[in-house]
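Submitted below is the structure of interest, expressed as structure tokens.
So that you can tell them apart, the chains are marked A, B and C in the order they are listed, and the count of residues begins at 1 in each.
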Amino acid sequence: MSGSAATAVPQREARLRSESSAVRRRRIGTALTYSVLLAIAVVYIFPFVIAVVTAFKTEPDATANPLSLVPSPATTTAFHQLYKDQDFLVWVKNSAIVTLSVTFLRVFLDSLAGYALARLRFRGRGAAFATIVAVMAVPGVVLLIPKFLMIRQLGMYDTYYGMIVPLLVDAAGVFIMKNFFESIPVSVEESARIDGASIFRIYWSIVLPMARPALVTIFILSFQGSWNELAQFIISAQSTSLNTLTKGVAQLASGQLGVGNRYPLKLAASVLMTIPVAILFFVFQRRIMNASAGAVKE
Amino acid sequence: MYPHRISRTARWRLALAAVTVGTLAVTAGVALGSPAATKATTITALIGSSGPAETYAVKNAASAWSKQTGIAVNVVVASDLGQQLAQGFASGNPPDIFYLGNDQVATYAKTGVLAPLDNLKNVKSFYPSLREAYTYKGHLYAAPKDFSTLALVINTASWKGAHLTAKSYPKTWQQLASVAKKLTRNGQVGLCTNPEFHRLGVFMLQSGGWLVSKNGKTATVNSKANIAAFNFVKSMIKNGSMKLTNQLGVGWGGEGFGKKMCAMTIEGNWIAGAMKADYPTVGWKAVELPSGPAGKGTLQYDGGWGLAQASKNKADAMALITYLTQTKVEMGNAKAFGVMPSVKADRKIWSKTYPQYAAFLAAADYSKSIPPVPNIATVLGDFNQQLQGLPNTDPKTILNRINSELQSILNQ
Amino acid sequence: MLKSVTRRLREPGIRGHEAGAGWLFLLPVIVILGLFLVLPIAMAVWVSFSDWNGNGSPLGTHAHWVGLQNYRHLLTTPGLDQNNFGESLRNNFYYVILVVPVQTAVALLLAVFVNRRVKFVGFFRTAFYFPSVTSSVAITILFLFLFSPSGVINKLLSYLGATGPSWMYDPRGLFHVILGQFGVTNPPSSLANGLFLGVSYWDWVSGPSIAMCVFILMAVFTTSGTFMLLFLAALQNIDESVNEAAALDGATEWRKFRHVTVPMIRPTIFTVVTLGLIGTWQIFDQIYTGTQGSPSNTTLTPAFLSFNTSFNGNEWGVGAALAFILFAIIVFFTVVTRLATRNPDRLSRRRRFLPTTTVQSGQSRVATGGSR
């Protein structure tokens, strides 16, 4: 465009003009990026805001003004009801028991197995590894009935054991640990070995402390996974006294007609049950973002 | 490891995480440390409660019996009775006694998990029709505890608003259609009810149809009478004087009725409790359902106590069932949550105490229970599912489908 | 030979202990996997060929061999089981073919945006990822509220002058509704009369019901964040020089994306699609919490049906058989995806066992996460 002019001055002007238009274009691009990002962010965040606000509304208010961001009147009735009419504290207690048992034991067992697969040389290691790979490929929902059959056969039905033990091992966790241990140089352990330290000692006091990032990853994934687990608890227990948060709240949502839609109550329960995972999420944000790219939510 | 490298926010965040996990750990620890439930002989009773009133009444009666006999009773309120019962049986550790609907009795009697109750002390005191509803292959498998029937429930204010009087209570389908049309005004629809066999089935009976033939061996769901019944329902839906609750976006007829979305609904005795608790300002009256081409007809819902074959103290459990189906207890239940007693002798007292429920009791003379066919509950479940699409589907399609499903379980 | 000699030299006299310790370390994992995965599957295989109805032990006298009867009930014998199975298959099929492409596209779009050098990018990543960490029960309740007949979405629609449907209560198929707009309300007889798995051809082409559409939106909402992270990792691994070269060639943004970026992240797309397929065929929690299959069975899925048939219908054999059919479906779709996305040049590299793909990408993420 500018090349048609003969003299130097118009040429420079043209170059300046095209530069400024490039700048402008980039600026428009940035503005566009921001507006798109903001719009999507609103779509992603707004539902959660609505949930929190509605938990403080009365039922007629929630039905009549679902969009309003100011509860009028603001009330904590829903929370009182959860405490008084529902066994909410029992659910919290059970979720805590199950999640903590599963998380800590999983971290321990996964790292043990991961270490054996990564470092120890023994006959059958390859076969064991292949089995774990194969097991990972079986979709969880397919296992609901089989697991129930086994839990019942072992006499663990309707106990904490039945709820916890089947969740204790996840093949993905073993994998993460194995891969991590393989990334640690062997030389670290050599000197300890020469000193005659036992294998468990090497694992416990030398390798494990170095594996903290991977352990934290498994801790987060296990905590989130077992806190949010539903199907396993449905098939492993029937007593209401063994209801976890997921099970209790799910049944709150699906059951009992004739008492209105009770959205403030249900949303209050949803909000409360999200808090522990949310805290964990915000604390370990960066680590979760990195870890989850690897072991995707089931 | 390098504390100086951890920023203040990071430290704060870590502390927060530690506190969260710590709190949960303490909760869990306290819970695990608390003493486990005592394992002395207790009888477990699993109930599906309609609300706090029912729970309270059953618990009260059970504890009164405990005081008399010294045997502890643990009343468990199910959040999903059907599923919990099924899991209880499948796990080999069912509750001793439990609520059992008559649509479930044949299913479980066939699998052999129920203990027969032919030797119950007060077995002769129940209505014969109720005993029959719980009889499978000649044995009684549940002690009837109460029953309910369906009636037409009317919003009295809307009734007056449409210039209708006591004389205009519908006696025929035509009259029902015409009052429904008159009541469809001011944003209110004339009639609303659940899209379920358990409500719309009354039209099948009024039309002279039923699920199975007299001998119980052939499915008759797609009979001409039934097609006529659903065509009638559909004509009301089409002209806008009737809506199903899924069209209104409410959970059940009582909710639509209570929220004044409809002026009439088809419901059972239990609506009394819901109206009192949730919609105390709505005035209502129950009348008998209109007659169809084949006369009067309504559905009956039976509640009973079942006994598990696997129970370890059957004798005590049977004594408890006898106690719970006594006049005194049943009248208490009637008062607490509006059901009708299963004991014949109670009829007079009940109708005297609750004249306003006369329509429900009057219907007991001609009401019908779901036939005791194994697995019929699953077919009826599908019937209910299909009826949700009634406004957009030819009734014949639905009835043909359910007919073949029912026939195939009858053949088994 | 030589290798083993050097190894022995490096690790003097420790191999004997290692075997014992190795198995000891693996023991808990192997016992639990064996007890709660391998043995149960064997037991369920037996149950799927038996008439066990939930009474007593399936290994005792209560269960009898019935051959393929349970499978026949689902696949060939007309009746309730077959109708339900056909419907659940249809529902889940529409769910899968809508969710998988949409969530993949949305995830990729989000990843491209949060990969730009903009301020507050951490905030945006967090916002998009947060739905993925919350429980499906809580999200389902939230969506039930948003899409209730008098809920948030219908209120928003009313501001736009539109009347929303009753969402979770609406069993009408999406394609049927669209056809209805063009006056097609009754099926042509060729479609109405033919039956496959107990469902008429007309009902097979219904599309997802309005109620199912809510679950489809929900799936995109909750999983796109997770997959965004996978794509983000892949995008960050693209060498900057490749993009610069393309820019020098004068390629537009879109052409650059289409011809440079997409081919380079192909393996990740494959992973996301595969994980999406596996996940969407397993939808259970949402159905259990939200609708239990209503309205008119249009949100019934094989996973929920399998559970319901066993735990509520006492037909454990049929339920178990259904679980294995579902397993076969998932394997089938995974293999098909593999074949469809196979790149002939890179055949040898692709010949990996499926989960390894996931884990290898996991490995690299965890490794970088650890080194930070």
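Going forward, contacts are C-beta pairs under 8 Å (C-beta built on N, C-alpha and C of every residue); 3 or more make two chains touch, one makes a residue touch a chain.
For clarity, every value in this text was computed on a predicted model and none was experimentally measured.
Q: On the document's contact criterion, could you list the chains that touch chain A and likewise touch chain B?
A: Neighbours common to chain A and chain B are C.
Q: Applying the document's contact definition, name the chain pair with more C-beta pairs in contact, A-C or B-C.
A: Result of the comparison of A-C and B-C: A-C.
Q: Give the identifier of the chain nearest to the protein's overall CA centre, each chain being represented by its own CA mean.
A: Located nearest the centre of all protein C-alpha atoms is chain C.
Q: State, to the nearest whole Å, the distance from the C-alpha centre of chain A to the C-alpha centre of chain B.
A: Here the centre of chain B sits 39 Å away from the centre of chain A.
Q: As a quick test, compute the distance in whole Å between the mean CA positions of chain A and chain C.
A: 16
Q: Distance between chain B and chain C based on Cα centroids, please, to the nearest Å.
A: 36
Q: Provide the list of chain B residues touching at least two other chains, using ranges where the numbers run on.
A: 83, 87, 90, 92
Q: Residues of chain A that touch two or more other chains: which are they?
A: 148, 235, 254, 261, 282
Q: Please set out, as single numbers or ranges, the residues of chain C touching at least two other chains.
A: 57, 148, 150, 311, 316
Q: For chain A, which residues count as touching chain B in their complex?
A: So the residues of chain A touching chain B come out as 85, 92-94, 96-97, 99-101, 148, 152, 157-158, 235, 238-240, 243, 248, 251, 254-255, 257-261, 276, 279-280, 282-284.
Q: Give every residue of chain C touching chain B within the complex, in rising order.
A: For chain C paired with chain B, touching residues are 53-57, 77-80, 83-84, 148-150, 166, 169-172, 293-297, 311-316.
Q: With touch defined as at the start, can you tell me which chain B residues reach chain C in the complex?
A: 82-83, 86-87, 89-90, 92, 107, 111-113, 246-249, 375, 378-379, 382, 385-386, 388-389, 392, 401, 404-405, 408-409
Q: Provide the residue numbers of chain C that touch chain A in the complex, in ascending order.
A: 7, 10-11, 14-15, 17-19, 21-23, 25-26, 28-30, 32-33, 35-41, 43-44, 47, 57-59, 110, 113-114, 116, 118, 122-146, 148, 150-152, 155-156, 221, 223, 225-227, 229-230, 232-233, 275, 278-279, 281-282, 284-285, 288-290, 292, 303, 306-307, 310-311, 316, 319-320, 323-324, 326-327, 330, 353-356, 358-359, 361-370, 372
Q: Touching residues of chain A toward chain C in the complex: what are they?
A: 30, 33-34, 36-37, 40-41, 44-45, 47-48, 50-51, 54, 62-64, 66-67, 109-110, 112-113, 115-117, 120-125, 128, 131-133, 135-151, 153-154, 165-166, 168-169, 171-172, 174-176, 179-180, 183, 190, 193, 199-200, 203, 213-214, 217, 224, 227-228, 230-231, 234-235, 245-246, 249-250, 253-254, 261, 263, 266-267, 269-271, 273-274, 277-278, 281-282, 285, 287-298
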